[in-house]
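Each structure below is given as structure tokens.
Both complexes below contain chain A, partnered by chain B and then by chain C.
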Partner chain A sequence: MSTLSHAARIAWKDLRIELRSREIFYTMAFFGGLLAVVYSFVFPSNADMIKIAVPGMLWVSIAFAGTIGLSRAFDRERENDTMRALLLAPIPRLSVFLGKACSIAVLVLGVAVVVTPMLWLLLDVHLFDDPGVLILSLVLGSIGFALVGSVFSAALIKVRSRDVLLPVILYPLLIPLFVAGTSVTAGMLAGNQPKVWYWMGFLGVYDAVFLVVSLWIFESLVIE
Partner chain B sequence: MTSRIDRVEISKVAKRYGTERALVNVSLELRAGSMCALLGHNGAGKTTLLGILSTLVRQNDGKVRYVGGGTEVEGDALRREIGLLAHSSLCYAELTARENLELVAGLYSIEGGTSAIEAVLDRVGLDARARDRLARTYSRGMLQRLSLARALLTRPSLVLLDEPFTGLDRGGALAFGAELAALRDGGAIVVVVTHDLEAIAGRTDHVAILRQGKLVFEERGTYDYEQLKDIYHRHAN
Partner chain C sequence: MTRYLAPLFAFLGAIGLACTCWLIFTDTPLQYSWQPNNRHWVLATGSGSLFFNQKIFFWHVPHAIMLFIAVGVAGVSSIGFLWKRNPKWDDVALASVSVAVAFGAVTLITGSIWAKAAWGHWWIWEKRLTMSLLLWLTLVGYLLVRRYAGASGERIAAGMAVFAMIGVPFIYAMVGAGDNHPQAGSEGNVATLNSDMRPAFWSSMVTFLCWFLTLTITRVQSARMEREVRELREKGLDTGVLE
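Here is the complex of A and B:
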């Protein structure tokens, strides 16, 4: 219980700073929105092709904008060495991980909230026909992204070339998540319920597996 | 439950970064109610040793034992007893002084949070009007006061300070030195890494000098500025 309450305290601290500065969210949302605009110009205006491509557009936008957010969220902890202060606190170190992951998941979800309607408006694809499925897949996807991203961002916090290394390490691990996410969205657009729920289950399992793995390796990765 | 640390035993501690040897067989004992000045040139291994003492850096060899009330103190109970004042402020620039300390009070489950925060801010002399300003608007001196407040709020029994006088004017450095002496007199173990010998002269009662990762000098006693300078130049070079 105290692990979760300390995690909530750390997440609230991050979100409070972000609410004050709005620096990370604006950057992520602007970049995600910009990608949606670019997609609307570079893909041929063929409705069937767009319908096939839009799930990929959505999840790639989330991945790219999310990576920017990850880097900046951990840069904040690096600026005044506050990560050391968090790790020195007499709380389970898992709280630090869960708190950071939680705040990042909220930011990534925020980007999805901006990008999804933009894709709908710009490409005229009915992404909101099944809002429950859409929301659930975006929530699970954001959680998975934040779990994996937080572990490696924390581990690379003192590495000089972390901005280059982070996507190199992160994206291969995120491929299953994006395959599942795009498959859920594609299944939803095609009205293929079995496909939707198969891949939704996959997303849930992915999150559960990486939650366990992340909790297991976080401490050993962040202590020098 | 708190277990104040009354002794730290560092035995044969070694640390390597790749092939670089940062510490070689360092053995040292730190006692409650003493202030150890950890001296040496840049790259001598002082910050690495402080990192190991703070539990945030793992040594490759050797052992560090933290003893309180005759038993070894470990884990969360140990971290509760460590106060760290590092090169950086360890404070969030986008939070006010009060908000930074509220976060610390929450993480350390400090009772009487608000009154404890006000008391520690009074103690370090952070101006009342500045307490609700974002830390990023602070001068270096104010930030250093906030860092000290952060370290003192948790009432640590092992206080680790890495160049605490950086950026302070002479008066501020001497006042800060007096604050450290008060901590020592209150029974804490104070370890201070510094190049400002004047600020610790007459206050430190234990001097340890590192050179290229090796402990080359250790002595207990009281030293004035000239004595400290002489010891430093004889052993650190």
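Here is the complex of A and C:
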């Protein structure tokens, strides 16, 4: 139980830093909104085509903005050299990982909260017809992204070319997650319930499996 | 003993290559075409026949199987490396990933040629093609990390290999569902082999297994030597023998 409470404390510490400066959230959200504007220019403005393309737009925005937030969240620890302090703290390493992953999941979700209404406003697609499904899929997607992302950004913290290497590592590993997320949203827009729940289950299993693997692997990847 | 293994397998592979080419071009009938309906190879003449294009099957399938074997070896030895911290495991993982990238490139190129001949497109999102492509991308990422991530690259890359291996079932389930972007195309499954294709097929399997082993053993040895040179150099720098 104490592992979880330590994790909650670390997550709360990160979020409190973020609440004071709002640096990551503002830049990520602005970038996400910018992407929505770019999409509305670069894709054909045919209503039927937009409806097919919107799920992809949503999840690609989450991937891009999430990567920015991810590298910035760990840069903060590197600049102040506090990662070492966190790892030396007399708490299980797992709580450090869980705490970091939680705060990043919250940030990614924050981007989704900005991008989804932007897409709805700019492109006039009815994303909010089934809010429960939308929210659940975004939560599961953010968790999966944050789990895999935290493992590798924490491991890359000392590497000079980390900004280039992070997407190179993350995107091939996360393709199943993004395909599942896109399929949930597409199924939701098409009103295809079996498709929605197949991919929702896929997301859930993906999160569960990668939670276990990340918990195991985090300790061996992040040693100073 | 181990120093003779690579030349031995190279020799066997060379003999096997000659035998395979002979079997492919003389022993196997020319006019096969693929019947998606009953999933069999049939003797066909005229426009249905793939003629020489069918022959690429004997290169493509062994390479793809070796790719998946290499990914398995890389994943397991990366787990071993992260667990035991013995760099010998890391040499094996690096070697299998390098070999897997080479075999994967051949798989993708031959698969693409096959797709053009059989289905009329250079690329379709068929289950096995998609899996191979995603795995191959991850493996290229692995090599990039090894190259540019400096000292901690070994660990990060090992973590990547483990994640890639665990991701394979997800990619399989993802493409198998088939109603979204990566569409399952036509039936691109491994054929039920006709009896007169079997000698050529198994001969090429053995040949490419020998070739795979030659490459992997050589690469493990070179990775070990690279590491030993690096360690010696560091030792020399520490003791002041080297500048």
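Just so we're on the same page, the second predicted complex is superposed on the first by the 223 of 224 C-alpha atoms of A that agree within 3 Å, B and C clash if a C-alpha of one lies under 4 Å from a C-alpha of the other, contacts with A are read in each partner's own complex, and residues count from 1 in each chain.
Criterion: contacts are C-beta pairs under 8 Å (C-beta built on N, C-alpha and C of every residue); 3 or more make two chains touch, one makes a residue touch a chain.
Values in this document were obtained by computation on a predicted structure and should not be read as measured data.
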- What is the contact status of A:151 with respect to chain B (first) and chain C (second): first, second, both, or neither? second
- Message: With both complexes overlaid on chain A, does A:9 touch chain B (first), chain C (second), both or neither?
- Response: first
- Message: Going by the contact rule set out at the top, does A:21 touch chain B (first), chain C (second), both, or neither?
- Response: first
- Of chain B and chain C, which one touches more of chain A's residues? C
- Given the touch rule stated above, what does A:179 touch, chain B (first), chain C (second), both, or neither? second
- Task: Scan A:51 for contacts with chain B and chain C and give back first, second, both or neither.
- Result: neither
- Message: Contact-wise, after the overlay, does A:72 reach chain B, chain C, both or neither (first, second, both, neither)?
- Response: neither
- Message: Between chain B and chain C, whom does A:206 touch in the aligned arrangement: first, second, both, or neither?
- Response: second
- Message: Between chain B and chain C, whom does A:85 touch in the aligned arrangement: first, second, both, or neither?
- Response: first
- Item | Doubly contacted chain A residues - partners chain C and chain B | 223
- Note on the structure: Residue positions on chain A within touch of chain C in the complex are 148, 151-152, 155-156, 158-161, 164-165, 168-169, 172-173, 175-176, 179-180, 182-183, 186, 195, 198-199, 202, 206, 209-210, 213, 217, 220-221, 223
- Can you list the residues on chain C that touch chain A in the complex? 82-83, 134, 137-138, 141, 144-145, 148-150, 152-153, 155-156, 158-160, 162-164, 166-167, 170-171, 173-174, 177, 179-182
- Which residues of chain A touch chain B in the complex? 6, 9, 13, 16-17, 20-21, 76, 79-82, 84-92, 223-224
- Item | Residues of chain B defined as touching chain A within the complex | 51, 54-58, 76-77, 79-80, 82, 84, 86-95, 99, 103-104, 106-108, 150
